[in-house]
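Two complexes come next, and they have one chain in common, chain A, joined by chain B in the first and chain C in the second.
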Partner chain A sequence: MEGRILEHPILSFTRQKRVRIFFEGNEIEAYEGESVAAALHAAGIKVLRYTPINGRPAGFFCAVGKCSSCLMEIDGVPNVRSCMTKVRDGMQVRRQHGKGDLV
Partner chain B sequence: MKEYDAIVIGGGPAGMSAASVLGDHVKTLILDENDALGGQLVKQTHKFFGDHAHYASKRGFEIAKELTDEIYKKPVDISTASTVIGIYPQNTVAYVKDGREELVRYKKLLIATGAMERQLPFINSDLPGVYGAGAIQTLMNQYGIFPGKRFLIIGSGNIGLILAYQLAQTGAEVRMIVEALDKVGGYEVHANKVKRLGIPILLKHTIVKAMGDESVQGVVIAEVDDKFGVIPGTEKEIVVDTICVSVGLIPLTELAEQAKCKIEYIPELGGYVPVRDERMHTTNSDVFVAGDLSSIEEATTAIIEGKLAAMQIVKDLTKTDLGKEISDELKTLDIFRSGPKSFKIRKGLEKMGIKVPEIEVPKLFQTPIENAKSKLHAVIECTEEIPCNSCESSCKFDAIKVGENINTPPIFDPSKCTGCAVCVTACPGLAIFMEKLDESPNATIGIPYEFLPLPKFNEKMWGMDKEGNYVCDLTVKRVVKNPNKTNIVYVELPKEFVDDVRHVRYPKKESPFVCRCEEVTLDQIEKIIDSGITDFEEIKRMTRITMGPCGGKNCKMITLGIISRKTGIPISKLSHGTSRPPVKPTEFSAFLRGDEK
Partner chain C sequence: MIDRASVVVVGGGIVGSAIAFNLLKMGMKNVCVIERSYVSSGSTGRCAGGIRQQWSSSMNVKLAMRSVKLFEQFEKEVGMNIEYYQGGYLLLAYTDSESDDFVKNVKMQKSQGLDVDILTKHEIKEKFPFINVEGVKLGSWCKSDGHANPQIANIAYAIAIRKMGGEFITHTTVTGIDVQNGQIVGVQTDNGYIHTNTVIDAAGFESPKIGEMVGITIPVYGERHQILVTEAVNHFLDPLVINFNHNYYVRQTRHGSLIMGQGDVNPAPGEDIGNTIEFLEEMSEKMVRDFPIIKNVHIVRQWSGAYDMSPDAQPIIDESKSVSRFIYATGFSGHGFMLAPAVGEAVAEMIIYGRTVTTDISNLKMDRFAIGIEREHNVV
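Right after this comes the complex of A and B.
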């Protein structure tokens, strides 16, 4: 199941302003207040990077900034925890390959 | 550099309750990495156990809000989105906010950073789609994003059980919970909430590997032996898209280590933990700890520990006499930890030199409720000694008693029960039901219901038993909506099933199994009855129902219920066939004598 929960027996979700973020150049739906990893997951994107040694796909694990499994390249900066970074209008997000190049 | 009397790191229940106390007396700063305070609580949608004074019966996110509202009224400096990255010499805390390092000084420091989830090594455990329980909760309960469609949960502790329930509330399919031990780790009432939804808990099983190329597409599970080794040949593949690991928490001790607090390995408390005394003082005279960092426990104990640490800090800094308040909190903590479920914590604390007195949980005996059955009354199915008394506090008529020791299971006095059902909505374990059983062939039961859509008057639904199996068709008679979102659905059903039905659901497209041994469905039986055959023995011969290894203990009643519903004849008037030995599966050889072959 992808996408956003509209109705919930206990919670009610009020979404903030719609923003545009770009994943590998393609626009995906996101709302202010969401983390990058969450917005990507809602769009069905689970692979966030490929690991440095074996090139294995990796996604998030803890979603609260503790495990560093979710490192991505955000606006050109590598090794950013995508679970702790909030979406911003116009943000460019890319999968990180390996350790990330220092610019 | 800014200097504070007290700095609190971590804005979970431990840190918040501490900062609230501190703010009243000394100059205080609280730092948390998240945008909002609340810690673990913000993503918990279930009602918490505990006592009234410590927010029992409230949902986690509501407790977070109350604590947050309180702290914002106090003269406390609050800095969120502030990640503490180190403790430097000369009592200095370094944190990053808005991409910049900030340094602040403290006289006393309280570290309440909580815990992180344990990972479990298995083949492909790094595959996207393998998530920690907390991650799934963050996605679905904080961001409102579906975390997946089909789930397998590893670990049957309270977190795994609660997660399964929360997932079901979003409409996700939880295929099963696997547990390596031979019994469920969490509270019985939490397990029951999940089992009656039809989510199986597979004991003595583990995960062997996750399958999939780019993300999880399935999982292999297998049975384990007493040493937790996989038993070859028992492997099974299951189609899921998300695997949730909830095999425990590890205290986040790095900052305490940097603050030069002594750390010891005490597995009963969660692994490496800072050594501290009864009042949360570590081996560094300026540093205190509280909450999950000091021992993996509960929100209630985290709140009390936070207060204790704060009071001791105030006492040290201002010489205010808080002796009485401190000893009151210590007493509450002792009672909380006196139950059998806190056995490990007591043992762990003892290793640290903290003696938790063994307080015996009194054994109370339930008076029979037979004489009150004809009026609408509560039925309490909570028999485990857990620290909770929300039912007692909710009942205005004094019909439920837990008493001084909060671990005592509740005792119910039916003569005082007015049928108001407030306890049903208050119970965090959803373990209280309503029941009315009078002369009529139909009984009424009231079931706590936290799903969408909410059933409507006169709708036909299925009654499900404690394991999530179909029991009978039933009719919705009344739906009571409650502000706390635990609604009550009152249904009418044949009175024979009043002790069995514990959940209602909308009929599924596939026909449910009436007899699992012989794999006979409701559909098959109804078709036979429609063809004119209404005798139980006849149906039994045609379908082999009740003839399987279980001896037909459940399916016989269910079948009689179906015949009764279709023919209009009460179950008591139906012929129920004959029972034949053996009543339990028995090897053929048992019937052979001596040299017979």
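Right after this comes the complex of A and C.
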């Protein structure tokens, strides 16, 4: 199933340039202008992190940077809101387990 | 509401609560705390939660050491886990005069029996590789210092006070104190009258207002201090770090968030609990410089609270000379939480036995201001 909106009654989406981003080391399809979470969603990846105390899976929720559900480790930095971060070519994205380590 | 009490404590923050708890523990009945708002609504609920013993006067060291003993027993004795963590305190010196002070203080602190050491710049770097030690001369390190959650501690005391049969009355304001021939007769509140002959003023930076009600002047004023908290990250920071030179302290809570604050250059009065964008800018800049590891950590929120400042930045604990059994414990100058368990014990002893038994706090009496004072140096 295509996880991207192709037709919309009001808005028009022009697909931009294809970029390469890596989820847990594997390349996934992404296009400039998309958020990381949107690209992952389109690729069928629904679990973005595991919660600190109970280790439960958490995914795309508010999608506007408020809820902390989509915090991921991006290019080695933990607690990055994947719904508010646009894809960049070569980006390394990983699921966050717990609170994240500072390195 | 009750209409009679053996003691009325004005102020339900950590100091007033600790005093009431100790009075009940020592067997006193009909102890009553009156809190203007909710539990922990004042300075205690806004406090960073540091607990240190590294002070520049020997009696303050002794009092703080007693407090640490009581914090170690807190969960068992008061009944709640207050996130107490003895990760130590690291104080950083950047100038020769600061270094001399640290060396002198550590010597005195050791003579009081405190396990404290001077760390060289190299030792600091080895122990805490994430700290940027550029410009650091040396550090003062005490591993039994630590921190806890002041809000939970305050709530723990309030619950314990009620369980032990004491009254903890919230959302009630003291509006007057009746004095006849130098003796207290009762306390007027906006919610009724309480007959009592003993009043403890633990109203923090508003304690002078309570003093005025019995005609005494308490030289305490409120000073706003700002503070912020970040998102949680995995534990990496054991000690609370104080940097007098760069003007900040920082600690990591058990939850993982970082709590940090500074003394503003021109602090607003204590009544003002607003926040400034300048604080965020100043803190972010210096914290990222000294702790580069936190450069990508997000700030979650900021707030502020009042220090109850005394003229020498040390507490004032005494009984009034003119009004019998009017006792004040105030002027903690940003260190009320860490001293509260020992102060609670000492003040309860003053009331029950007429003098302190466990810890000598005679250096904190009011008459020191008539003699001439030396300010506590180790204050952020």
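Following the convention adopted for this analysis, the second predicted complex is superposed on the first by the 101 of 103 C-alpha atoms of A that agree within 3 Å, B and C clash if a C-alpha of one lies under 4 Å from a C-alpha of the other, contacts with A are read in each partner's own complex, and residues count from 1 in each chain.
In this section, a contact is a pair of C-beta atoms (placed from the backbone, for glycine too) under 8 Å apart; a residue touches a chain by one contact, two chains touch by 3 or more.
Here the structure is a predicted model, which is why all the values come from computation and not from measurement.
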Touched partner set for A:77, first chain B, second chain C, both or neither: second
Contacts of A:10 with chain B and chain C, given as first, second, both or neither: first
Touching partner for A:41 - first (chain B), second (chain C), both, neither: first
Partner chain(s) touched by A:66 [first = chain B, second = chain C, both, neither]: first
First (chain B), second (chain C), both or neither touched by A:101: second
First, second, both or neither for A:52, with chain B first and chain C second: second
Set of chain A residues, in rising order, touched by both chain B and chain C: none
Interfacial residue positions of chain A with respect to chain C in the complex: 52, 77-80, 98-103
Chain A contact footprint on chain C (complex, rising order): 130, 231-234, 236, 256, 293-294, 296-298
Contacting residues of chain B [partner chain A, same complex]: 33-35, 45, 59, 61, 83, 116-117, 119, 126-132, 134-135, 138-141, 143-149, 169-172, 213-215, 252, 450-452, 485
Interface residues, chain A side, partner chain B - complex: 1-5, 7-11, 13, 15, 34-35, 38, 41-42, 46-48, 51, 56-67, 69, 83-84, 86
